[in-house]
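Every chain is named by a letter (A, B, C, D and E) in the order it is written, and numbering of its residues begins at 1.
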Amino acid sequence: MGTSVFLLIIVLIGVAAYVLGRSRAIAVAAGDESKLHSRPGYFGSYSAILSLLPALLVLVIGMAIGSELVDRSLRNALPADVLSKPVEEQNVIFHMIQGMSGGIEKMTTEEKATAKADISTLKAILGSKGVPLAREPEPFMVDAAEIYSSNASNVRLSVGILSVAVALLGMFFALSRVSLTFRARNRVEHVVLAGLIISSTIAILTTVGIIGSLISETVRFFAVVPPLDFFFGTVWDPRFSAAGDANAHGQFGLIPLLLGTVYIALVAMLIATPIGLFAAIYMSEYASSRIRSIVKPLLEVLAGIPTIVYGFFALITIGPFFRDFSAQLWGALTGNYTNFIEAQSVLTAGFVMSIRLIPFVSSLSDDIITAVPRAMRDGSLGLGATRSETMKRVLLPAALPGIVGALLLTASRAIGETMIVVLAAGVAANLQFSPFQPMTTITVKIVNQLTGDLEFNSPQTLVAFALGITLFVITLILNVYALYIVRKYREQYE
Amino acid sequence: ADQIHIAGSSTVLPYAKIVAENFAETYPDFKAPVVESGGTGAGLKEFCKGAGPETIDIANASRKIKDSELETCKSNGVTDITEVKIGYDGIVFALDKSAPDLALTPTDVYLALAAEVPVDGKMVANPNTKWKAVNASFSDTDIQAFIPGEKHGTREVFEEKLLVAGCKATGALELMVKGGMEEKAAEKACKAVRKDGKAVDIDGDYSETLARIDANKTAVGVFGLSFYENNADKLKVSTVNGVVPTVESVAKGEYPVSRPLFFYVKKAHLEAVPGLKEYVEFFTGDQMIGPEGPLAEYGLIPAPDAEREAVRAAVSSWKNM
Amino acid sequence: MNMVTDIEVEKALEKTMTAVQDYKMIGKDVSVYYGEKRALFDVNLNIRKNTVTALIGPSGCGKSTFLRCLNRMNDTIDGCRVTGKITLDTADIYDPNLDVVELRARVGMVFQKPNPFPKSIYENVAYGPKIHGLARTKAQMDEIVEKSLQRAGLWNEVKDRLNEPGTGLSGGQQQRLCIARAVAVSPEVILMDEPCSALDPIATAKVEELIHELRANFTIVIVTHSMQQAARVSQRTAMFHLGNLVEENDTDKMFTNPDDQRTQDYIMGRFG
Amino acid sequence: MNMVTDIEVEKALEKTMTAVQDYKMIGKDVSVYYGEKRALFDVNLNIRKNTVTALIGPSGCGKSTFLRCLNRMNDTIDGCRVTGKITLDTADIYDPNLDVVELRARVGMVFQKPNPFPKSIYENVAYGPKIHGLARTKAQMDEIVEKSLQRAGLWNEVKDRLNEPGTGLSGGQQQRLCIARAVAVSPEVILMDEPCSALDPIATAKVEELIHELRANFTIVIVTHSMQQAARVSQRTAMFHLGNLVEENDTDKMFTNPDDQRTQDYIMGRFG
Amino acid sequence: MTDAVLNPALGTSLSGRRDIGLAKRRAAERRFRIYGVTAIVLGILFLIMLLVSIVSKGYTSFFQTMITVPVELSETVIDPSNKRATDPTVLVTANYPVIARNAVAQALGIEKTDKAAMKAIKDVVSDSVRVKLRDLVAADPALIGKTVPVTFLASANIDSAYKGQIDLTVPEADRKVKDVQLKIMNDLHQKGMLGLSFNTDFFTLGASSRPEAAGLGVAILGSLYTMLIVLALALPIGVAASIYLEEYAPKNRWTDVIEVNISNLAAVPSIVYGLLGLSIFINFMGLPRSASIVGGLVLALMTLPTIIIATRAALKAVPPSIRDAALGLGASKTQTVFHHVLPLAMPGILTGTIIGLANALGETAPLLLIGMVAFVVDYPTTPFDPATALPVQIYMWANEAERAFVERTSGAIIILLVFLIIMNLGAIMLRRRFERRW
């Protein structure tokens, strides 16, 4: 029997436990449910939880421990000559046997006989079952695989039975506790709370996962390229080393990328913040509910358009427009029609990115401004303040922490933005300060180093992981600082 | 895995797609293969992760697998790999239809785009801003080139076949070696592209380059031959060494700038993945990679007959690398 | 409670004055709709200059609604529509050309629920004068703030912590802060919507005294639930019921010998 | 106002009863801190069974704070800390094993500002009975809702629109709805924090009458700013000042001949 | 005081002396208002610019040039040696394109021996006709030998030419569509055998290397699976996490850490989530590549912070008096939250969820690393099957060489936007029912 069967049984027991727990509670109350400490539904939930949770836990942990044990016994049972081979080699054989065991379970007895008689047919037979083998199987593997598969199925069976037993036990225990004074609700709520807490740790787990998935490759990168050269290098040219030393690796200077990232995000925020904020103010204070109900979703659509579309918009429309416009302008001023804005530039990228950021700013700010109690507005208006005065002096200050939060959130979007920058700002890692020239960002380089034709274990690819972790740490520091500011504001106004 | 899973180079992707589609139509018993595009590096990385139903079966590559990658493969149990060369990719210079004609040589490319060029027996930062300065027969327009970014395999070909060639032809290499550089380092220096905005790296695909040329009519861009042919109504091509790039001229070896395209088959999966054998055989058949096949029609430059025969031989014996 | 006797003396004085006073605000056929729902029905009510007018009536009868018409605070409610005519010194306050800001600077308001801004106590009071440019120097502003707080009977309690947030005060203190804030703008008319409902008797008495003082210079309209309060502070009383103005009369008369049976019943506690 | 005379009759009856009554709740050395700030100083105050206890005192003196200790509503305020001991029928309500939910079901509360749920009127009242399982059928629930609304004097006004949102009522109606909501759970003790500050006199009278009725079965603690109200509805009165309990006494005695000078001064309006 | 009473004029004179700077303030007010209007107009202008450029390029993709001719399903071509009874595969592998070409030739009166004309016809008819005819015959082998009218696709080049997207002034040599083909097209058109019809295939077909036969079916289905997974995971987890942080969590180091973490995760570039997904879900947990399940998991993690932040804001906006009311009635904290606070916060949560989902729906970069940027022909039947997603399909088509993909790219964007707008509308309707100001 497979694990899923046991899972199904346990779930069924859980459902039964709910029904039984509930009806038992009603029976105990004997007509006056208000005598019960908790509603009957809570008794049902309590019984269900008690039968489900421990059983599932036993199932999962049991399976994990069991398969670990089975794996270990397989490894220990490998022939001595295999054990003397390097670890990678052992792993390959180990995985082959694991794969074979899955295939052998699907083989008919005849096929097994054929394979036993002539080991060289096994690969083909297993192949027909969809089990690829990395190399020709050897007889000892077949035995090992058979033992492995019988061990594994034993473990599955016993763990499954155990967990069903636990489920039943849990159910009966729960039912036995049903009484007038039993605090079923509190128990259930504790479980709910535990669920909430676990959910909130997903964020931490994600972070751990991100760092975990970046760190090993980053370490490999730093083994080749000294961290100092990476963090303080001012030249990004992964394929060319500075000194002309043929064996040295290229230059992986972070500074030009970092500067480009910050610069572009800054330009985007400078444009998006006033537009978004004023749009939010207008919508929350001036616009009639009709206009509001039309404009708000319209602006939200801007946020929903995929970044790749913005990228092409920048590439095809905005970039050339800026270039030609600047040429016209310069020509009109000096008579020399050369463009001072490049088609691909910090300005282009920042501008197009700002379009996408507007709805973030406006939507978030609007919600925050709207959340300021109406009494504040009335108070100010009642004193003869105009709407704009009310907004500037009362509502905005009160909403400030929230707005700062919204802006920071938006800024971090800007920093993490990829596709727009790729198309609008270019990939040239220039170190310069003109907004009219192309620059590039960390995210662009992450994508490019990873998705190109580069050798996958060279520092050129690995640098993407170092960039990823750097970006992660930068945003972390930024956020910690931002939160600190927000808290200070909040204290001031509460 | 009841389905062939392929990953790798985005240059090979269109060809793999055509084959996959025709394969599915010809062999309705098999599910159509899934072809990922994520770049040669990412594809090979997946490919070399091990042998098992959850790993990919074929990696497309626009370059040969590197030794270090092969090593990783082997240590992960992917020991038996068959290499299949499917043909060549021609690399062309193209301009907007309205731009003045261009007939390049490696020397011109080198003088226009290298970071340092020899002037009066010394290596100096590239002073050329107009094509005319590179070659008096060219027009008096600004140098502006969109070349493949470093992530592209095309870049390597561009550097080897044009920059280094031009570097040698102009005597710059010699000059550098004389100046005390090692041969290897000097060759590397030849590949350095100017960074003053005249040569712009494109890390996107050719359609991005096309869009840029659209927006900048006098610029020259580097494309794959197939892409150019699909957009011949907008673009005009530059000759290299006087040869017009066509499927024929590349196939014959007259046109100098091309690179081979490959895919790698995980032999361990041959039995396990239904259709894998058939797919590879179908792919290497002349009805696909031959001069009359749909791949050639799309822009793949077929390998010479002998090479194709060799590939088929290798496939039928599942030759190990 | 000697304050009460003061009030009685005043009231005697008052009688002679009311006759010569003219109307500060005139409401003619005022009706208010909240969307579909009609909340006021053709109310005709005039507010006399330098008089305290109390609006009484059972809960939900439209007192607040009428009050909010007088400085157009109803404009801020979506779907609220006012018909009829209201004038302030002969000027139609619903005239489209009229600036509601000016109107509200002249007709101030104190709300039912205390609503101090989330700013310091000082800034709360200084807010109105600041936006209207009533003080040119810091010293002038300090003076306005001090005086207003004193008038609201709050000065002694907060003088040492003017820079603490106004929201940190207790409910009663907060409401007095709001009164100080309204007073600081020196409006001509002050509307008060149950200003004392959150105050303890002592603060209430102080506010009543303050209302009394203010009456000299200002016209005051006060909504109150406490008939005792209405009797104590007002010279004129208007009684609302189900959105209608039932009766408007001298306070004394109203509480001793009302014209309308409903008023009598209400005051006697026979309905509500 | 015949109700008042009723109350007086009751009060006479009361006197004899108080002696035999024991305490429903006992507060011993109760101190409350809001963060660093101490809001109550070792208050010892016992609440008698089936009695109305009024808490009076100037604004900010800690009446609400003490009241909120009695059903641990202070738990919900961050940084609020209670020391001392409070018992409900001998059980320590700050016992960590105690279920505060159960406590609050037994000690209900009506707040100063009306806070109906943004649900229908019916649901507002039915919510408490629903979570405590007081009604098994729709008919039972209907009955509870109707009875509770009647007790709060709201039934006639809302019986035709039970499905309209409770927030659409006027302030006074809202507060009465909140009282109906609290009553619907039939708690043992009802805490009321200035329940009438938003009510008009008629509704107030009704609530007072209701309080009076409820006293037979429930113990009631009421915070009020109106000394008249305290005198009318309560049998015992406690006077707070600056976080201290100044005096606790029979209401009659308190208002005629208080033991403490400060009480006298406060009632006389000499400070606040 | 009495003096003041005796001087009733004081009140009015006070106001007469007062200058509250009305003119200036009114101007400031007007300016402020104009800023607001300008901001909104700018925002909408940008939107219109974007939409116009997309729609004008993409609307044509919803129509496709089709050829309808009587097709003789000749036995000599399909099954020359009459083996189909014993070997049904002949029906599958038969040379159907030839049948279609012959049919077109016949319709136009062109001789089959005219090699050049036949070659031209080959380029007029889409290769996908093979599948069309095969399915027809496979469904009813009795049709063999009969002549039936069949509607099939014209090739992409003809489609472009027919829609007028090809510049005919360019010399013939540089055109993909030659004059012979144009003539065939016009002839067919004149006979009423060629014309535009609504392109249902665009919504149903899977990927194809032939532009005319490429559709969004797989991508739509993949996106649907992905979004459902995101919604099913991110919304409950995000809301649960927010509830804990906002309603239960003590304010201490640990919750600070979580809070900083969440706002930080919102800023992590999406590509990094791709790396995470690759190493955790594919390499560690062994989930299949290119599958919507992995895409959904990755995007759910990516969307989580957005939802949490929005939800917390929404929870915070619910006034404490509501909580007091419920607690005071003896509702437990959990009941208070789930019965009152959460329903009231729902509009805000929905807003956040929509923004999060919209982001997820348009996300390409992380899918790149988990293999969803792929050529997938077959419909995914479960989230574990290979699939693509809409933005990925857009990304891939945008990179195609063939011109006919340009309009399809825009067409796909239009469809993506339609999805977004439908999502938004649904949420707006929900939100409007609950929106309130406190």
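Everything that follows uses one rule, which is that a residue touches a chain if its C-beta (ideal position, glycine included) is under 8 Å from a C-beta of that chain, and two chains touch if they have at least 3 such contacts.
What you see is a predicted model, and the numbers here were worked out from it, not measured in a lab.
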Length of the shortest touching-chain route, chain D through to chain E: 1
Geometric centre: closest chain by C-alpha means: A
Of A-C and A-B, pair with higher C-beta contact tally: A-B
Taking each chain's C-alpha mean as its centre, the one farthest from chain A: C
Inter-chain centre distance, chain A versus chain D - centres from mean C-alpha coordinates, in Å: 50
Chain C-chain D separation of Cα centroids, rounded to whole Å: 30
Centroid spacing, where centroids are CA-atom means, of chain B and chain E in whole angstrom: 32
Where chain A and chain E are represented by their mean Cα positions, the distance between them in whole Å: 21
For chain E, residues contacting two or more additional chains: 20, 25-26, 29, 319, 332, 368-369, 398
Residues within chain D bordering two or more other chains: 101-102, 113, 131-132
Residues of chain B touching at least two other chains: 10, 38, 42, 204
Pairs of chains, among all present, that meet the touch criterion: A-B, A-C, A-D, A-E, B-E, C-D, C-E, D-E
Chain E partner contacts - residues on chain D that touch it in the complex: 71, 73, 76, 78, 101-106, 108-111, 113, 115-118, 127-128, 131-132, 178, 181-182, 185, 187
Complex interface listing, chain A residues touching chain E: 185-186, 189, 192-193, 195-197, 199-204, 206-207, 209-210, 212-214, 274-279, 281-283, 285-287, 293, 295-310, 312-313, 316-317, 355, 358-360, 362-364, 367-368, 370-371, 373-374, 384, 386-389, 391-392, 402, 405, 408-409, 411-413, 415-419, 442-443, 446-447, 450-451, 465, 468, 471-472, 475-476, 478-480, 482-483
Chain A residues within the chain C interface of the complex: 288-289, 373, 375-386, 389, 393-394, 397-398, 492-494
Footprint of chain D on chain A - complex, ascending: 33-34, 36-37, 39-40, 183, 185-186
Chain D residues touching chain A - in the complex, by the definition given at the top: 99, 101-102, 131-134, 136
